[in-house]
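Each in structure tokens, the structures are laid out below.
In the two complexes that follow, chain A is the common piece, with chain B as its partner first and chain C second.
Right after this comes the complex of A and B.
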């Protein structure tokens, strides 16, 4: 039996959420799109004018923008597979029966890196990786290794940001995949382990199909997070040395908040948004099909 | 504080008793502030010694006037953005904190009031304001734009050479280098050994790179950012010599110097890791305090070394100006605060609490020079300073970003000095062309 719900009731339930979303999400987005079509610099308001797609053309032909995109893509290409590999390993270990107390303790400790404010994570890195006084170099000194210039060398700084991102987000991946593993029916797992002693076979043919939705969620969230990665590198290296860690979000902040070129920064942001949407759709199309 | 309050009360009674005297003699802060009691002022401060000094002085001002000064402390790097957004949005700030390179920007956008608005008002103008007592270079560079004074110098810096006299003595030197060439060729090799370095030049990719590192090496060598036609002067032999010198000097600096900001540099000297730094006068109190420095009696101060074109030390600092967005009561109250905190009468106390006043009279006492080792070097530097050490026009925020990026790339060896200077020049000229300097829309303001 079906009950017909009146349109007014539906509107009453959905209306507040839609209105709130429109107010805090859609309206600022439309404003950003509008401003991206203007020359709009906060320190030169008298010169504000409609410029059509000029800002987009300038962004798309700007080597600095593509270099920042390249760095962001490199970060993503290295950090996310490592996070997935480590996260899956941790999840599989925690999924095994036994040692309940220790597993609970581990699950709790996994939350800590994620719960730490991004900016604080960057500041911690700046202090801990200090060449002269940082705890990392002190520990390296104990085993006879010379102090490494983590923050002042372009390559080392980039590697340090990647390692820090892996440290902060591997636990998130582990917890999501652990939740995914809990959706595997125990009887199927038991049957599979009776059939084969190979953990890899069980993972590949039994557990992995159930993990696909979790992996897609991880990919979408980590892609969005990487594209908007700002707080940690900003407080850790401020995009430097040189432009070694100037990821796309750091660049946009610089253009918008330090050069005050809001029109250009808005165009960069809209391009980044479009890219995020395309990638998200791509993931869903490529990976999500088989369990739909 | 009690003593001060009593003194203020006595002054008030005394000034009331002298009511028959001329108006100039009758002026007092308490009387001038009476109509504005209860007014609240909003201002941004930085986390630096000069602001800590002002914060310690605030209760006295608030007790005397009934005006409340609400200060928000922000990092230097955020101060410009916070204020620009506040002024564009018509926000709460009543007083503008202006780095000398922001003055053109703030003045041209109409965000700050000329001080004449207040100095012409006998009810608000302290007869002892004595503008001539400010170091002329400082008041013009920090608070002036196109011949109009907007702000009074508040947190005042000159670049100075701070050095560890004990390290120099151990290496056989009884005085600091007179010239940059000596620093590199004589002191550099002698002091760079055993994990210690002769010199550290703060060069982090922010305003530190453009102001403290890049510009510092242009002027003493006869270079500059722009020539008289507002075209890039970075390819001139003098500018190239200065920038190449910086590159050569890096061999005597700690590894990773491009990651050193003020705190790392000051700390490197304070902990005995480097022998010499060129830093803002404002860091004297940090280096002199046993809580933050191991230097003790080894701390010594001198003017920055000379280059082929003379001393030309770094010049930086902040003025306070009344914001045009404030209402009339806030403007008047804001002016009274600015006038008071930068006054001759308070300069000694400001100095004692860790600030660096721009009042010539404050440095006239020879006893003070004995107490504060930086005073003779500071006074000498303010005589040799260049107001346009960094261009002060509205386009500086865009230009400094270019200098920061390419100046750092130069230091890292990612581009040659020549390539870097050429790129900065082209990009700088593009910004100036867009602003209208080359087609006569804007006057060549400096």
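Right after this comes the complex of A and C.
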């Protein structure tokens, strides 16, 4: 049974939130669409003019844009499978009974990386990965590997961003998958462990089907967050050296904030937004069936 | 026969758990210890693990380099946006949980979609608008923009919380002649406090951590602590100790809040798709 209420009551409850979110979330977006149809550079304001879809055409044929997209996709394609593999291992260990105190402690420490200010994560990388003063290179030295110039070399800087992304988000994946594992009915799991001694079989045929929703959530959210990724590479390398770690959000920030070409940045961000909305729709369709 | 095998497994497991903990915690250990080093000690190669700690970096960043005011800005912005999000979000969440109306699912989806939108999409148009309105470099601009992620989080978590409160309470109060608002304010809201608290903590964490809006919209007077930390990297002589002292000051409050809400952080980050 649902409570019947007057329209005005509903409007009074929802109105303020909807108005506020429209003001900060939708109005700027419309303004961005409008600006994306103009040549608009903050340093050449006199030359502002309507250019139709020129900015979009320029973005879609711009090698720099596609390279940034490619880098973003590469980061995702390397980091996320590693995060899932490590995360699943951690989740399976935490899911097993016993060692309760240790496991609580581990679960608490897993919360730390994903809550850490993303900008600070990038700064930490600067300090820990420095070729000469960095502790990471010192540790590599202990196992006989020569110090690596992580920040200064294009390939290594990219690897460093991947490593750092893995550090920050593996715990998140682990905890999401752990939540997924807890949806497996314990009776089924127990019955299966009596049937077979192989953990692999239990994982493949009993636990995995229950993990599918969590895995899909991880994939969609990691895609969205990789598209958003700005703070960590920005504080770590500023997108450099060259453009080696210029991911899509870092590129847009450079075009808008350091080249002042806001019309172009707007066009780039609208294209990115289109992609994001597809992801969001997918996510919502898969996970919020019950509210329909 | 079975017992030794099991014991060996447990030892292996304990080792693995320790490795996982160290993996998560070590960067924080290094951050804090580096913040206690003088520049001379910090620039020793290879890095030293044992040294005489000093609080000089903290003294310097707080009182000489204006990290103190930046932290105050961060607190003002995070607290105000959280307060505003709770104020606007809880009635909306109540309406979503209790009332039936046309377009409800669309509205709900729109709230969730905000989780996916990159701040870089909004930052430049807002930069231009705030310049026109004279809001550039003010707390208000940041407080309002942070609603784009704090409001959805409050609405989502509180809707869930209101749904868990039995409707019979509302119905009984309605029969007594209480207004809808009164029911919300005096009956449901107090019962929903755990959810409100969790959503407030998450809002605070996400606002506190935000960099992009802060970096673009608040270059000077309203500069928040993460944006302040970025400026240290500019220049030739990178002051490691000071950077890490600033980082520690930024990170410690969020980590405390994160541990307090540790059970809900993942729910917040996934907008509840994963319980």
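By our rule, the second predicted complex is superposed on the first by the 271 of 292 C-alpha atoms of A that agree within 3 Å, B and C clash if a C-alpha of one lies under 4 Å from a C-alpha of the other, contacts with A are read in each partner's own complex, and residues count from 1 in each chain.
The working rule: contacts are C-beta pairs under 8 Å (C-beta built on N, C-alpha and C of every residue); 3 or more make two chains touch, one makes a residue touch a chain.
Remember, it's a predicted structure, so these values are computed and weren't measured experimentally.
In the superposition on chain A, contact of A:257 is made with both chain B and chain C. Contacts of A:20 after superposition on the shared chain: chain C is touched, whereas chain B is not.
Of the two partner chains placed by superposition, only chain C is touched by A:10; chain B is not. In the superposition on chain A, A:35 contacts chain C only, with no contact to chain B. After overlaying the two complexes on the shared chain, residue contacts for A:188 are found with neither chain B nor chain C.
With both structures placed on the common chain, the touch criterion links A:132 to chain B and to chain C.
With both structures placed on the common chain, the touch criterion links A:227 to chain C but leaves chain B unconnected.
Taking chain A as the reference chain, the count of touched residues is higher for C when chain B and chain C are set side by side. With both structures placed on the common chain, the touch criterion links A:57 to neither chain B nor chain C. Once the two complexes are laid over each other on the shared chain, residue contacts for A:45 go to chain B alone; chain C is not touched.
With the contact threshold set out at the top, residues 132, 238, 257 of chain A are in contact with chain B in one structure and with chain C in the other.
The residues of chain B lying in touch with chain A in their complex are 80-81, 84-85, 88, 105, 109, 204-206, 254-260, 268, 271, 273, 394, 397-398, 401, 405, 408-409, 412, 414, 435. Listed in rising order, the residues of chain C touching chain A in the complex are 10, 13-14, 16-18, 20-21, 23-25, 27-28, 30-31, 34, 42-47, 84, 88-89, 91-92, 94-96, 98-101, 105, 107-126, 128-129, 144-145, 147-148, 151-152, 155, 167, 170-171, 174, 180-181, 184, 205, 208-209, 211-212, 216, 226-227, 229-230, 232-233, 238, 240, 243-244, 247, 250-251, 254-255, 257-259, 262, 265-266, 269-270, 273-275. Of all residues in chain A, only 1-3, 5, 7, 9-10, 12-14, 16-18, 20-21, 23-25, 27-29, 31-32, 35, 90, 93, 96, 98-99, 102-103, 105-120, 123-124, 126-128, 132-135, 137-138, 141, 167, 171-172, 175-176, 179-180, 213-214, 217, 221, 224, 227-228, 230-231, 234-235, 238, 249, 252-253, 256-257, 262, 265-266, 269-270, 272-273, 276-277, 279-281, 283-284, 286-288, 291-292 touch chain C in the complex they form. Across the complex, chain A meets chain B through its residues 42-45, 131-132, 149, 151-154, 157, 237-243, 254, 257-261.
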